[in-house]
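Two complexes follow with chain A in common, the first pairing it with chain B and the second with chain C.
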Partner chain A sequence: MSSTGLLITASIVLSFFFIFLFLLYYKYLSVKTEVDVAANNENYYDYSSYLIDKKKTSSAISLNSFIMNDSKSIGIRFLITSIVFFFIAGTFGVIMRVSLFYPHPTLFAGKEVLYDILTTEHAILMIYMWAIGSALGLAYYLLPRFLKLKSDKFGNFSSWSYWIWLLGGIFILLSRTSTRWYYYPPLALELTPYGAGSMNWLAVIGIEMIMIGVTISAIVLVRNIIYERSDSIPLSKMPLFAWSVLFTLIMFLASAPFLMTAMIMLFYDFVNPVFFTGSSSSPLFFAELFWTWGHPIVYIAILPQFGLIYEILPKFTGNKVYSYTSGVIALGLLLPLSELVWGHHLMESGFGIEWGLFFSTASLFVVIPSAITVFNYIGTMWTATKIRITIPMLFVINGIMDFVIGGITGVITAVLPLNEQTHGTYWVTGHFHFVFMGITVGIAFASIYMLWPSLTGGRVYNRRLAGWHFALTAVGSMIMSMGWTVGGFLGMPRYVSGYFARYQIYQDVAIIGGVIIGIGQLFFLANLLLSMSAAPQTETSNALEDAYKNLSMAGGE
Partner chain B sequence: MSDDNHKKKMKAEALWIAGFLVVLAFTAGLNFYITSQKDFSIATKMTGSNSIPNGSIPIVVTGYQWAWSYTYYNSTGKQTFVDNLNITVNQSYTLVVTSIAGAQQFAVIHDLYIPQMGIQIYAVPGQNNTITFTPDKTGTFVIECVEYCGYEHYLMRGYLTVVA
Partner chain C sequence: MAGKAGIVLVVTILLLSGFSLLYVFNAPTQTAGGLTDPSNLPVKGTMNITIYADSGGWNYSHGPINPTLYIPLDYIVTFTVIEEDNLPHTLTINKGAKENSGASLTLVSSGQLTQVPGHVAKATYEFFTTGVYTYWCTFHPATMVAQIQVNATASNGTTANSSAVNSAVPFHSFQPYSNFVEPVSMMIMKTMKTAAVMVH
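Coming up: the complex of A and B.
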């Protein structure tokens, strides 16, 4: 099909999509009006509080959360959607991994571009939909209790932000883009199946919508933390998770404009290429703008989870966090540092030694706050009299260990001479999958397991299935990332659907790991279905939300 | 937990932080030391004629969708290779790398990577990047493109043969 044909098909599909959305919105409005009238008759402030009072389901997974605008419902929306996208993008990941079994393309022989599409979608969806989505979901869900919010206004702004974010994610899925998640221009502008994919423009719109959505959410949350916090909680006593969310969102708001501007200019370049491919410009300008955002996003994906570790650890060690002050300072230090190290993604692009050394040294400085954070976790566990090993605790311990390995591989690649060897190889892939699998995925699941009774309306999860979920995720990610790290140091290139036969052993090891991770996530699904089909057995409270109480040895799971 | 115990652990924490700061400082020092060595070279934007060191043979490397082409001058005149490159051991070479548009394609960003030589350099349209290296062993090594550049990116690879 020609690219014009594709465009026409796309427009028709999009029109139907919008008609469907309109119908959905119409249905939503009519239901909302009914509830509004009922709420008005009984003198309720708004329909959400009416529904919460009547149905008592605001903190559990249900379709109600998609029409109610209180913080918890918004949080559940974000959580449900991010998990759905986690499974979509995870499936993409497993499929493309399996396709690499032989050095030459076999599964995708003749249509290798499918591999590129899957890789790109896997990266974009995992970062923008899963990492940001789950962090926002947990923030919306946990902060009302953590901060004892005075009022929960601006719910419809959050609701709008959610829908815009979701639509952006769907656009990215539909766009079948095959450029990379960093959209380097001359390629991103090549709207053919051989370049960036015929509908890459849709992905650019999708990214822009995601950024707008998350920006609205970020402003609402920052406002909640600073102005709506209960007067009984001074900043100096705020839970560490609230601090981490605050730092994350400030980091987001400070760096997102770089990407939003760059994406608008990129979109303009589709029509009239002046910004990045003109005679007086360089494609590297875009790369520099992108990584000014692209490095903070990496911290945005792990900082909220750092805060969550601080909240989860004391529940199972029974003591306080080792040092609250150093925890806050370490999280805060990442804020300025994250904006200074973007150049380490471009060290081989012709900066020369001087700039290379600057970014290399700045990247080494990032180790200081990260190490203080890890020492803080170890100190908390060390000063405990007894540690209760439960599923969330296992995820936390595994996350800390994975983060240490991921951090060390990151430092190695930040050193200028070694960067020449490891940049653009699977070493980097291994490095961030250690961190993302251990921290972003592991801690999100740890929190979901801790919130389980509340999220499912008083049901408990099957420990045995959860144990398998943990074991397969931990072992699988270790095997996969180790295969990549070792192969990458020997020069195995990233982003290729075929490779030199000398790297087959490392790819095959990584495939085994990837498939193990994929199977592990099925245990989570089975657990969810099994516990939802059983009758409620327990109270809907959970330990994680009691931020000011250490449950010590009893409960807390 | 007694206060005494807590103090002891505080000392241990301080020791850890000091210890890893030493390791970090050592790493940073090593970083500065190695990059100051004469034979260390990293991708640098070519601005003047002095970018190519004396006694180093320039090889013009052009990346296009989807192959590498290498041009250099030696005793037999101008030579051009596609994908595979043959060079001599213990001779200094300077790669001048850029990117051009192929037949009906775009000039996009590529990244030339020779893992066994520790050489990596971006090919950016409209910009010449240089890097100098001296092969000190003979054999056949691999050349790869490690920046995604389109449909046949994975085939943008070849062999580097170093002969005595």
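Coming up: the complex of A and C.
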């Protein structure tokens, strides 16, 4: 590229950027002045608390959500951004799936490395941007009402956290890394197109920023839950969603340092490889650091949704959660237990049979709290006199079912001898997609549908479109994950852009499922478009936020 | 407000998904642009090309500037690069009529060619696919840039053992690197040039 052209382009881009920043700042000032004046008139120091007290919540999607620093706005920010990244990473996923139609690479023939980039980006963006982002978004959005917050300070920190997290995600995307989501050295250190991608260093920085951003949010939220909770809500009456967020964030804060340290060491290794690839060190050391974080993160991606199920279910069954205490205990047990099982990702690494047995056994213990939770859901539905089947409820039921399958496949693969067969195959992919599609995706959408009137300023969603969205997502993910699980049990390797012809039937079944899921998400977009361009029709309140009115049979939509 | 927000949101989602996909599809998929010589290439002959490295342009003070080089397929070419000024230069090639640093191969680096005028560095390379290549200097990409034409037959006006100057291409001061911004930056360049003329 010529340097003149580069300079000119850079200056054009920069000027647009500055104009944009200026407009944003202008908007920020005017909006902030307005609420500040209003809050001042009522003798409030910070406008966030004023907004909460006056129930003048900025709860609808708008540009102001990106400018104001109260909890609701921060929540909407995280939610919107995570949805955007869900679609970006989803597109990657569908393309990846379609490219596997024939055993030999066709779409990516001669440039198979594109497949590696797509898998890596798909995984990292889905986990760090969609799963964590949507969970944080819902936590910020729901907790003020759930906890009747005394004050809503530290919005600035949350705002910083959001922007750092977003920039980290953008860096990940820009880096076009192909290092897999676990960054194993020495591959991660090879900055070539057929290594980890020429810009993998940027992905390392990106992950570090994401972790820093989420850490800030985690601290603010934990602080809100513990100190800012209204005195009228003792811990023993705290909604289960708040419990699940608390446990999730503690789990995050306990295991994130492992990844952050590992990433700093990895970054140093770009310059001077001493930590993981030197003569007195071992790449396995990195793998251990990574998975000490890597297993907790998969639970971080579902625990908040577990809590949400506890909040959504009673709205449609009309009774209380079957057992509040066992619900809290189960969520709490998942915390220490899932910190202890990370080794089940490394059972074929040769770290010793004793460790293998330990982690295999520990993994079986995780079943206990998981099963308590599932039976708690079933108990709630079992004891209901009448269950109202709505879109969110369908998502919840499907999520519970998917989690049971995903859990069983997880337990099977955690058994030491069986892991030898399933490790590195599509069985694992099937296992976690059952859980992710059913719980992380399904429950997030269930909550979004429940929050619809608030998020869109009084619109109702189109039930037919939402029904299609649900049906295609549920059926598609069942087909896709089943194709993978069965093929994987027969030895179909994962993470490759081509495969042996005898597996074609499983791959093609999974493609059908993947395409169905992709089409299903378009119905969600259509719904957004249609319902939001219609005139407001209802109140802007929603049933999900009424955490203390469980018995409202009419609530929900 | 929220009505517009819905449209904005959906359009943003679709656009960003599409752009991200395009962006990933444009990732470099080969080391050195796939230009590294594979082993066991057939060799049909050899030829020498001598070229002077000067920040004003290749062969700046030796005949036509930035000459197009005509090279037959499967010939082992020995490039002799001679330092003219005391600035760092590289001899870098890539496939295509424009510079593409993401898929380029540097034959002579600034470390091999010292900054002492008259210093000579040599490199051999065999072009194994036909088509248009670009050769350039990564330090002076605006001035030191020209094309290489690789043909299947040795007939096409090949001048082996010479400076390989057949036709001088016009002096390229500006090589837009992306079709996306080309029109805009071209327009601005033109305006700036006109303004400069008017000031003089």
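We take it that the second predicted complex is superposed on the first by the 498 of 557 C-alpha atoms of A that agree within 3 Å, B and C clash if a C-alpha of one lies under 4 Å from a C-alpha of the other, contacts with A are read in each partner's own complex, and residues count from 1 in each chain.
Throughout what follows, a residue touches a chain if its C-beta (ideal position, glycine included) is under 8 Å from a C-beta of that chain, and two chains touch if they have at least 3 such contacts.
All of these numbers come straight from a predicted model, not from anything done at the bench.
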On chain A, which partner's contacts cover more residues, chain B's or chain C's?
B
After superposition on the shared chain, which partner residues are touched by A:Pro193: those of chain B (first), chain C (second), both, or neither?
both
Using the touch definition from the top, say if A:Asn319 reaches chain B (first), chain C (second), both or neither.
first
Could you say whether A:Thr179 touches chain B, chain C, both of them, or neither, answering first, second, both or neither?
first
Once the shared chain is lined up, is A:Ile95 touching chain B (first), chain C (second), both, or neither of them?
second
Please indicate which partner A:Ser531 is in contact with in the superposed arrangement: first for chain B, second for chain C, both, or neither.
second
Does chain B (first) or chain C (second) touch A:Asn462, or do both, or does neither?
neither
So, A:Gln504: does it touch chain B (first), chain C (second), both, or neither?
neither
Based on the superposed arrangement, let me know which partner A:Val113 touches: chain B (first), chain C (second), both, or neither?
both
Pick out the shared contact residues on chain A: the ones touching chain B in one complex and chain C in the other.
113, 193-194
Can you list the chain B residues touching chain A in their complex?
1, 5-6, 9, 13, 16-17, 20-21, 24, 27-28, 30-32, 34-35, 40, 42-45, 65, 105-109, 111, 113, 115-116, 118-122, 124-127, 129, 142, 144-155, 157
Chain C contact footprint on chain A (complex, rising order):
1-6, 8-9, 12, 60-63, 80, 83-84, 87-88, 90-92, 95, 110-111, 113-114, 117-118, 121, 173-174, 176, 192-194, 197-198, 456-459, 525, 528-529, 531-534, 536
Hey, which residues of chain A end up touching chain B in the complex?
105, 112-113, 116, 179-180, 184, 186-187, 189-190, 193-196, 277, 279, 282-284, 287, 319, 322, 346-353, 356-357, 360-361, 364, 367-368, 371-372, 375, 379, 382-383, 385, 411, 415-417, 420-421, 423-425, 490-491, 493-500, 502
For the chain C and chain A complex, residues of the former touching the latter:
1-3, 5-7, 9-10, 12-14, 16-18, 20-21, 23-25, 27-31, 99-102, 141-142, 145, 172-178, 181, 184-185, 188-189
